[in-house]
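What follows is one structure encoded as structure tokens, with my remarks underneath.
By written order: A, B, C, D and E. Residues from 1 in each chain.
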């Protein structure tokens, strides 16, 4: 393994230092604040590209691991590592951050400093989530990330921003707090928070969870992730959060935050609780499929453009969940790919919606109409992105969707058939909304003089479009790097078929398996008698 | 020969009456008195137990309780005076500015 | 083998042209845009020609010629490469696409010269060429699907070219979405193929499939289902029942687009896919039967609608749908080469018809309603002659191209085992109708009384950039048929079928078994029947529209119900709107969004929050501020605590404590 | 019935009646007098139990000092007859009677039964210890809390001053 | 009867606190300078806190087993001493603003602290009772310290009446326990016959009394009223000091008397659930920040009670014993005390003269007017909410861990639900501070600059919160578990 030094730590904490540096600037130094924030994020992006150099292709394990003791009791360690799956999610994060900063260049005019600090702190949290190999550390970043996001929505958002911010936090917290219980429970059973160690224990059969325990643990984790994804019917925070968030917030939210959920499923739910995952797969898939169709149908009829894109995320992420819970190498790779693709294309959609908002200060589709005439370039970009979002081949959306459906079809053709109907519906809502926004005669006079994309916007959009195209054509660049990791996840789901091992439990096992069964009060009552 | 039970039952009855008085009375001073009643019930129990076991420390306890009661009385009556002065009422039900 | 080794050049040229025009063309004068677009297509055409030349030098074992350029998608054992392939079928398609495509590009330079968004148009058109070529050159289903979706996209863009018109953007959207419905099936078909054969490369799939046991008639095995799913995609793309609805609307696009995409090339992609997958289809007789029936039904269905349409392009559109049905009929009865042959000839004469119609529209200053034309034959002679040629060809008059291709199809249908005679009968009826409505078009447009106002419409012949392609296509319509002139005719070699024979080696074995001589005589008989049918159509049209001009109207009046049904296209659009679109939108809006999402789910979420607040609000009334009630709470608490602590005693042995 | 038992019942009845009278009386001064009755009765019981020092303290400190303080405050504030307000919803007779009854019943029952386990009867009249021994305990074993009570009283004085002083 | 010197050393903190209390009363007629008085009080509080180390060096039981000087008592002495010091720092400006005498205030505060110290080290119920009364009576007076305020007087009255009422229950419980075991010494009581119903009842009543002190539902009713009415620095003291001390006693009884451990399990379970819900549901609907924090402190008592419930089960574990659960409780109390004192310090300063600005609306736009206050208050609220990198998170984490360890999964889940409920109202304050624009009136009022002592308090509490949030182990391991286990008292 090539030595990457403390690259991962640098990746996590570099933006934090950037944010710290920003704190020392004067409040009204808007220009410097923006430039420094942008520079920091670009440098961070370059750092993350170094990962590509150090990560060995074809190895499914964790690389560039960093390990330091943090808290002795309970043994919580600062354990980082990257594998093919997290690799690109990190790069996606570091890529979208400078884009978000650019997108906020002019649209954020008050409390500028705080805004960029929050954005960079958000990056810290998200990168941390993707790189943590210690359950506790993971949870920590998972929670920490909430606050900057909530602030981004709550301070710089639109009319109902406060409602949305609170809803976002509470929803997420409701799930994550149960995950914390699950994490602790798992710790009780295994005596460690270290993911690879737990994995080793479970996989080798040295520790077997009772089915009921495993299912409860699975649910504890899954709920947190499902809320984040969001899986139907836990999705209602998303439209609100998206609509109210500022553009940068939406981009980060859709681009990376949602992926934390699906990432968590791949990283934790499947490898740690395979039996429960298999048992639950049917339900999860049904929910995912409902999400796909339902999200698309509801998106179709939204009068609010941003909400439409938000609901489309529900639909797209349904594909990802489906791909994960098909337990197929192909579909899983598709799921990872779809995460990345969705990050780019939906991110770009939000950017575009944000640009429209900057011009007209509304998201209502009915307020637009015929915009292709005053702003052909923006219209072209929008179309391009919409096409990638609806899964046109040679653009990024296709690869993931295709692989997911293909992989799913191999084992559950009905799932794939239902899910594939989402392909039709995505065309419906995207093209319909596109038509209403851009085509036709200009319906409102004030739209006539709207300026086309500025140079800055063009650069942002061209970058996004370039990545979209590149991902659509050169997908092996990505799949090569995470194929082995996906395979590893599937291998990690294997458990030795040795019943005698399960029958002779080590000490922690009894604790875990007897769990709720033995209630202390009966004991005390017995003694009292 | 009075069985200890008798004392204890009396103590319980007095305690119960004290509790009832506390809940039932409206006058702050009367309520305070019912606390004293409860403490007296406790004292009776202490002395009874002390006697029953032939141990002296129960009686020591009673002395402490009496001292504490005295101290409480001083502070409590101070508070009552404060309330009465500010509100011109000793009805505890009228003192409900802080609620919900 | 310079080009065959680098097949990607053929594709890349139009893509480059598209990119250059699209990104930079907005400020360029038309000439430069022309240069780029025509250069790209022309060079691509030349490259294709060279490729075909080189192809003929290949040894038979080198065919199909497959070249892998780069890996596009790799995941597990799934690989979709950017692999191109050339075989005889590809050659035919390649020539049609690049050839007709180039001609239409030339035509467009004239036709579109006064339109805004000139660069945009050519960018889209080149993009279409790229995707169409990808489609025909692809060596696996996934890459084919790229082209498949890509042409859909180009079609969307071009139909909606006049995006200021709502009808245009509606039509584009409709085209894309209806195609997507087909693609849904196509994708599932691909998945099934992959599941069965672990690959999507044509070579691998077909060689593996050949070893399979064919499904019997009525059996829904893997092959049948896969074939049907693929056919579903083909239905969408090739506008077959029930997914044909988008094509007539697609006439909202500029006429060259209708010619290129919605007549000559893209819409035939479905036929191409079916023939490409003929091996799967032939092993699935049920699917074959479905294909034949759908094709036949579409053919006659669309033809009937075509009878009463008054928009010149719509007539042609329904005619296209009808002719595509013919092609599927051919495929369905196993006559793949006949289907492809009809595809080719149809590309010639239908493109010609559209272009000529475009020329007419151009001449009329944008008027498309045939009832407002009339008597144009004198004024735009070149257009008239070329269009007449095409009409004769499509109606099936010998010795024009349409005659041979149609005849071949009818013959094969007649011989088909499953209800062949019925299929033949309907096919023949379609031919009659085709002849009728095509001549109706000719008579209404070019003959009879002038129905327009001279002062407003200055009829003028089109420039040579437009007429040139017309003439070339007319020639092709005339001679093209001889490529496949049946062997029984003088000079007939049936070259076309022989050329394609290696491709359909598996599929058309049935044909070979037929007794040569008997077949020839039968074919001759049928050809005669077909000819007279076409003639009948011509005569009826002549009688109704030239001889007795009022007859058509009175007939329409006497059969009002049928007439309005036809005029409204059997109300299929309305049906779809009422059964699918509106309920779906209503369901989504009022049920899913308003009731389920906002009401039920979010309502539950907010309800929990409100509920907690309400409970808190109730709970704080215990906090009455009254010291006495607080004391009661303490007493209650004491009792609860005592109860909880003593509870275990009560449970096991009640009565221990009173 | 022995004499001691008779005395017990008389004193117990006196205490209970006093306590009930405390509740029934609506003027605080009457309540205070009833409380004094209870205390005196209890002092008698203490004597009966052989705790004469406690009895003395009960009379002097409780009955004397504390209750005088009460009466003094009642006079000072010129407290009148108790208002019969019913502002508290939960603290009505229907609620508190069963609650307090149950509590009292349970306490009494448990106490009555449990003391069987202790001793059958008190060592009535037996001088358990002299006052001297009591003082030994107070100043030796319990010297720490004893000293703490001095601070407690200090706090009480301080508190009373702080609370009752008029604004300057 | 002069006690042995080591006995005196073992109660040195109490002696110092009381001594300084008396000193303050003595100098009060001569020194009117509030800074001098405050410094005197502060040095008294700090010296007493430091003296705890001396008493810890002389570990062992003193005064014939009445008190116990061990790691456990050291911890609570440090805790209450720290709280007292911080409250003194906070109170200075408050007293000045409200024109209240400071000498008496500080003296009472020190006496109260001494009472809490007694509670923390008491090994015998009578001593504990005296300590309880010492702190309670001081508290009653402190609650009513703002004499001219109706609310303050009402607060004192309610606290006094209900406090005495609960004390009577406590005492009655002690009497019963004494009646069964013949002793009030916890050590001796450990060997008590656990089959006795009277013992059971006695312990139940003791729990009622202490439950009242720690504000466990349904004995929590007094808390919001008293906290709201009391002067804010006093509220800070209430929420951290007496509560911690009462928990200390509860813990000591619980840990020493086996009977208690067995009888109290379900009681703790029920109390924990009631308390969490009562606190959180009540806080949901509050618009007064001070009162909201009062309800929140109820909720937090509930969380701590979860750990108490967990202790029962963990004591059976031969390896660790209940030490982790005890440690969780102590850690929680520490983190909670820091946060609550800090938060109330801010509320106290923002309240302005006469405590007028306590409503949530008064906090609108605070982030712009007073960024530091808003940031620290947010930090405290996030810590109360239990977000990582704050002390509160680890506090909650350890309790979760204890609960899950004991297989109290349902309790853990209920606690999780409550955490989410809590998140709502904590966030609301942050939201108001950061995301809402102030009303014209609020915006116009000039930002009150915080006096330096208050800023010091904020820095200490904020840094402490973050430090505990980052390196909980330093405290948890090196102090808590070591002292708990090696001290051998609590196992």
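The rule is short, and it goes like this: contacts are C-beta pairs under 8 Å (C-beta built on N, C-alpha and C of every residue); 3 or more make two chains touch, one makes a residue touch a chain.
Keep in mind that what you see is a predicted model, and the values were worked out from it rather than measured.
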* Structure fact -> In contact with chain B as well as chain D, sorted by label, we have C, E
* Asked: Which neighbours do chain A and chain B have in common?
  -> C, E
* Structure fact -> Nearest to the mean of all protein Cα atoms is the Cα centre of chain A
* Please state whether A-C or D-E has more C-beta contact pairs across its interface. => A-C
* Asked: If you average the Cα atoms of chain B and of chain E to get two centres, how far apart are those centres in Å?
  -> 26
* Cα centroid separation between chain C and chain D, in whole Å? -> 101
* What is the distance, in whole Å, between the centres of chain B and chain C, each centre taken as the mean of its C-alpha atoms? -> 95
* Return the distance between the CA-based centres of chain A and chain D, expressed in whole Å. => 69
* Considering chain E alone, which of its residues make contact with at least two other chains? -> 126, 129-130, 133, 137, 140-141, 144, 147-148, 156-158, 161, 165, 172, 176, 179, 197, 200-201, 224-225, 263, 266, 424
* Structure fact -> Residue numbers in chain A touching two or more further chains are 170, 521, 524, 528-529
* Provide the list of chain D residues touching at least two other chains, using ranges where the numbers run on. => 87-88, 91, 96, 100, 103, 106-107, 110-111, 113, 115, 118, 141-142, 145, 149, 152, 155-156, 159, 161-163
* Any two chains that touch count here, so list every such pair. => A-C, A-E, B-C, B-D, B-E, C-D, C-E, D-E
* Asked: Once bound in the complex, which stretches of chain C touch chain E?
  -> 609, 612-613, 615-617, 619-620, 622-623, 625, 627, 629-631, 633-634, 636-638, 640-642, 644-649, 657
* Structure fact -> Within the complex, chain E is touched by chain A residues 70-74, 139-141, 143-144, 146-147, 150-151, 154-155, 161-162, 165-166, 169-170, 173-174, 177-178, 180-181, 184-185, 187-188, 216, 511, 514-516, 518, 520-521, 524, 527-529
* To do: Flag every residue of chain C that touches chain B in the complex, lowest number first.
  => 620-621, 623-628, 631-632, 635
* Structure fact -> Interface with chain D, chain C side, in the complex: residues 622, 624, 626, 628-629, 631-633, 635-636, 638-639, 642, 657-658
* How about chain B: which of its residues touch chain C in the complex? -> 19, 22-24, 26, 31, 92-93, 95-100
